[in-house]
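Below is one structure, written out as structure tokens; comments come after it.
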Amino acid sequence: MRNIKVEQLVQTPVENQEIELVERKGLGHPDSISDGIAEAVSRALCAEYIEKCGAVLHHNTDETQIVAGRSSPAFGGGEVIKPIYTLLVGRATKEFNGVEIPAEAVALSAARDYLRKNIVNLDLDRDIILDCKLGTGSSDLRDVFGREKIPTANDTSFGVGHASFSELERIVYDTEKQLIGDLKGKLPAIGEDIKVMGLRDKDDISLTVCCGMVDKYVDDMDAYVSFKEQMKDYILDIAGKYTDRNINAYVNAADNTADGCGCIFLTVTGTSAEMGDDGSVGRGNRCNGLITPNRPMSMEATSGKNPINHVGKIYNLLSTQMAWDIVEAVPQVDEVYVRLLSQIGKPIDQPMAASIQVIPEDGANFATVQDDAEAVADEWLGNITKVTDLVINGAIDTF
Amino acid sequence: MRNIKVEQLVQTPVENQEIELVERKGLGHPDSISDGIAEAVSRALCAEYIEKCGAVLHHNTDETQIVAGRSSPAFGGGEVIKPIYTLLVGRATKEFNGVEIPAEAVALSAARDYLRKNIVNLDLDRDIILDCKLGTGSSDLRDVFGREKIPTANDTSFGVGHASFSELERIVYDTEKQLIGDLKGKLPAIGEDIKVMGLRDKDDISLTVCCGMVDKYVDDMDAYVSFKEQMKDYILDIAGKYTDRNINAYVNAADNTADGCGCIFLTVTGTSAEMGDDGSVGRGNRCNGLITPNRPMSMEATSGKNPINHVGKIYNLLSTQMAWDIVEAVPQVDEVYVRLLSQIGKPIDQPMAASIQVIPEDGANFATVQDDAEAVADEWLGNITKVTDLVINGAIDTF
Amino acid sequence: MRNIKVEQLVQTPVENQEIELVERKGLGHPDSISDGIAEAVSRALCAEYIEKCGAVLHHNTDETQIVAGRSSPAFGGGEVIKPIYTLLVGRATKEFNGVEIPAEAVALSAARDYLRKNIVNLDLDRDIILDCKLGTGSSDLRDVFGREKIPTANDTSFGVGHASFSELERIVYDTEKQLIGDLKGKLPAIGEDIKVMGLRDKDDISLTVCCGMVDKYVDDMDAYVSFKEQMKDYILDIAGKYTDRNINAYVNAADNTADGCGCIFLTVTGTSAEMGDDGSVGRGNRCNGLITPNRPMSMEATSGKNPINHVGKIYNLLSTQMAWDIVEAVPQVDEVYVRLLSQIGKPIDQPMAASIQVIPEDGANFATVQDDAEAVADEWLGNITKVTDLVINGAIDTF
Amino acid sequence: MRNIKVEQLVQTPVENQEIELVERKGLGHPDSISDGIAEAVSRALCAEYIEKCGAVLHHNTDETQIVAGRSSPAFGGGEVIKPIYTLLVGRATKEFNGVEIPAEAVALSAARDYLRKNIVNLDLDRDIILDCKLGTGSSDLRDVFGREKIPTANDTSFGVGHASFSELERIVYDTEKQLIGDLKGKLPAIGEDIKVMGLRDKDDISLTVCCGMVDKYVDDMDAYVSFKEQMKDYILDIAGKYTDRNINAYVNAADNTADGCGCIFLTVTGTSAEMGDDGSVGRGNRCNGLITPNRPMSMEATSGKNPINHVGKIYNLLSTQMAWDIVEAVPQVDEVYVRLLSQIGKPIDQPMAASIQVIPEDGANFATVQDDAEAVADEWLGNITKVTDLVINGAIDTF
């Protein structure tokens, strides 16, 4: 019997609240780069451990610190003046049953691979310094990580999730995803450092998008202005698919295009980490890809933590999955909020508290909702190591 | 005319929700140490700028990274084996009108001072490495920082605050504060690394407290167990002042006191940063001192940001102040949630949106509440630089 | 009139002394890697300065520090466990007449290029961390570096050179050069970390050669032993061309081939920097490529210093060139020792002392020798900036 | 039977050569600070190992790297703008028979102690960053370090020494020693960064002394000029005790006292490491305290190496001791040069070659000299571990 509480929440659904705020930091935002590297390192370590030792061993690499560089962007192509400094931080098991695991070498290599694939205009030979300080993980955890039974929680902490997305949440999320995944194919000037801030004031949505443009693909101010226009049109198109509300979009609103390229958001590498913006793990998107101050959130960084027993990772991912499944599987549900609290040392499939708050549709039979929601939650907890597998296989995002 | 929206929120007040979670990371938690250093460095820079240049100049030092060390605690006194590594990160103006500002020297000195005062059993000569990478702040910001008029927002971002505290919030907050501020005077074995996790399940409150005990003040396991008992009693006393609900308290619940000092939470320095726990800014308490997944929160790190134009700092502090003032000044208000959204480049006293959500008491006249709340908000925005002064004078906490 | 003193030295020529010691650290020795990187960085900066500013600007990058990694070599191919850490240190002008020079980016890129070309089995993505701390060079030196007239000495220091080489010096020098330049083409297992220690005890020469073999090209112990034999034969061949004395050669003399690959000099990357041997600039070969305790030497690091006014570089290179030219141009000369002393702030073509010590052949007319030697020295000093050009063009070795 | 060769050297004694150069870098020169820290760390580790394990364990800490800061000196007291960065580098045994040794904590603490005592005007809280990267020493060396028998050489390398000192050598050595040890007591403005360059041109000696003056003890230019005068007089006094030759002394010869304090050698901390001068181990004085290009020298850094089996340290110290003892114990000896060459893996009391070159007085009986010198050398080799004791007890200088 698990301690699952399904509670009816009397609350104005977010969609009906007057003011709603939603933010997404794109792949190239310094905080997201930190998240991405941290998670890539953890995945690479998982693979290395499995290959060498047959099981994932203890590690947490959830503390990458990016120290911004300095750059001198210019139409047609400038240069990075002072390289970005990046410190990979965490712990990892470096020896197990006589087998040495090259944790820091694996981490460096994974970080470079990640950057090569995701921040495509960053010159890894001259624009960035990658440093690494991985402490030693406790080898006493071999039982935990042997995975013969359910792991025990590494800490007392909690995860939070909600479903489904509001219109604004969908729009903000998709805007960034498609600008990089689709439009960038046609407009290579679009850098990966995109921040989307969505504000809904009753039925007026405004999307403020900041995007670091890549200078070598921008010949002059006319080109720059034209690219912004194309992005704006594209964004309005995306948003229009999700809503009938009024939409306004602003791209690089702080630009002063009259005053030369020093006053626009032009970059050499596509990320503001090249010029003054530091970054670190866990300060950007939650594991659902968004920052949503109208929703409950957890402060735990999901990226980089080990997917075996770190509840700060597993419970955030699980809460989110659970919430989506409840919304899909249970009729008459408007919104679902899930909070999972662990107790250090207890099996992770037995949370100290599993709180499920449901805003039902008007007229719903809450007793049925309650039973159905609890069943979904119970099944997920019974299969909690599935979250671990999804993470190791790279089938689930963490930011 | 400011864009202030006061909205009635139909919502089960947190006090009446079935499950409530509240967490506080104490002064010596690695994330809090990062916050504390970051803010101490910013305050020291403010003082230096004012002394040398007559005004606070551009800086943001909100990215301290702590890489945990390794230690060998022992009853009666062990030792740190591998020093903690701490990297101070950020940007600061280093030259202004021909005056050089020793930003990194000031930062180092401030960080050491902070540690000396707050983590009292840390040997600064051998237990910690303090490194520093402060980039150059943009000197173009002199107008902004000249303070002759209202500064303009450095970014598009938002702050969030709420009031008043639920019973559980008060208890969690006070527990950590008084353990250090009061009980530690009598029990020097109490280390500064205290984490309080509060769970309320209807009318049952459980407080899970993790506290790194300082080994040199703990002679043996009996003493350790006795200290835990004294802490538990003390905590129950505190909690009893705020609630009539049932209270349970657990101190270092994961201890296995049968298996020697390797299985209890014993430390040399009073912080787990000595042994495996990394830390960074903005991943712990929000600026009200708590982590509250039943409340809206902001992801912005408040500590270390400049108090002049960084809305990620000012709007979080201001939202919180505003919420408390509304609760105090406006009758018939149960809960207040404030969200302030800036637009980059616009004066910070003119937020793009100021959303105030109120859960009124039953039968309240919402129109009156609305007017009164708006007045409070408007007055705070009209005096926004007061937040700056409070920060510079050290009169306001950031974590 | 320059202060050139040609003095007759009454001395047993080195070739006739009973005991002679000569050492050469090859390209892949950690100290030589430091030298090589330091010089590569300086050359890259020279090129950058010339391209952007029309002249070489102030810099000194003569302090690369290598912190050894840890590795796990194995027949057929092992791996680096802990990456080598390399810190590029020095100063460089980063701004000149409004032009920004990306000194650290140039340095990183040059260091990587150097390693890619010279330590061919080092995986730059995972086996090494390249960090960089270049301070700011004094921009007041623009007159010095403008090169319209003879630069003034940056310091009071001296350079030392001698000619010609003894038999042992030639042998030691050539052994390392040809093992890498020639034999490695056929035996890829030869790593770049070769140290040759030559001892001549009257007419018995012993060459002790340490060479880190590259594990992926060594299938087993038999192959290893066979490679050592081939190297020994090759070395005896080389040496035989220069001397009629008895020669013994020892390759990896400390190997214990009976005890498995942990007791032989096997490496993953070809350099012992992967496993325990740190390195820094200026602690290996003098600028003639050798360490010769039977000869006068200077302690100045030649590599990485700027070639414009750093006498610690220029005077060492010049002394050596001068000595060789005297030996070639002046008849009846057995050995020549040159010492050049600068005085800070004085033109570098006017040394405070230029001491030339000559051991003439028996029966030589020393007055003639004196005049001729002085003429050679005077001409070199009159064309001292030729040394600068040779360095910039990469036409002269520094270690 | 040891391989000791005593050879008569036919050579103009240095005292009779026309040109002689001698240099000493004082305690506060960046290279000497590196040497001093490296040796202090090694001594502290020796003490720690002896206390915890009963014997000195494997370590080498001979690679401290100093990256210069930036400062703004001013009459009456300026400040350090950018802290000096210092990286302690090396290897050390961190675990032995289950005992953990806090090598990095010991190193940090020893380095701070050393700086506190020797660079007295450096503010350790704000003027310097001390970082540390000590790799793991091989624990297989326990036999070597158990000291039950004669240790075996860690490498094939050599040490070099000579005796006695020429007039110029004595003068240069004593000048620095007494300026700090005596005159600084009366003139606190004298900083520890003193470089003495001695040139003897036949019977004319010139001493060029560079000394970083400490600004807070220098009120104005008049005071500065006066202090230089007092130093000059003091230096001439010292030199006069050792020679009848003509002496000239120059203190801070490059000063331009007409142009303000930017053109004189004024410092905040007493060392030029505060402003542009990097430093590293082994690039300054040889273990006799001098740099002597008229004498044979070794390139091996003596400071920081372990005193048990690192021949690069032991043989340099031993050669020097041997040379002095021969000069003292054997009549009719003018100059002695000692070179000791080890072979890796062989007992250190059995060098591969021990070359003793003697310039006897005119008319000496060389056969007697030969026997006596060999006896001295043989006795020292028979008691070679006495060198180790002298180092551990701090009874012998290394730079």
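Each chain gets a letter, A, B, C and D, in the order it is written, and its residues are counted from 1.
In this section, contacts are C-beta pairs under 8 Å (C-beta built on N, C-alpha and C of every residue); 3 or more make two chains touch, one makes a residue touch a chain.
Values in this document were obtained by computation on a predicted structure and should not be read as measured data.
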* Asked: Can you tell me the least number of steps between chain B and chain D, where a step is a move to a chain it touches?
  -> 1
* **Computed distance of Cα centres, chain D from chain C, in Å** => 23
* Asked: How big is the gap, in whole Å, between where the Cα atoms of chain A centre and where those of chain C centre?
  -> 50
* **Cα-centroid distance, chain B relative to chain C, in whole angstrom** => 55
* Structure fact -> For chain C, residue numbers touching 2 or more other chains are 82, 85
* Asked: Which two-chain combinations touch?
  -> A-B, A-C, B-D, C-D
* Enumerate the contact residues on chain C facing chain D in the complex. => 5, 7, 9-12, 17-19, 21, 23, 60, 62-63, 65, 67-70, 82, 85, 87, 89-91, 133, 135-138, 156-158, 160, 195, 197, 199, 201, 206, 208, 210, 253-254, 276, 278-284, 286, 291, 293-301, 339, 341, 343-345, 352-353, 355, 357
* Would you tell me which residues of chain B are touching chain D in their complex? => 72, 79-83, 85, 94, 100-102, 104-106, 108-109, 112-113, 123, 125-127, 129-132
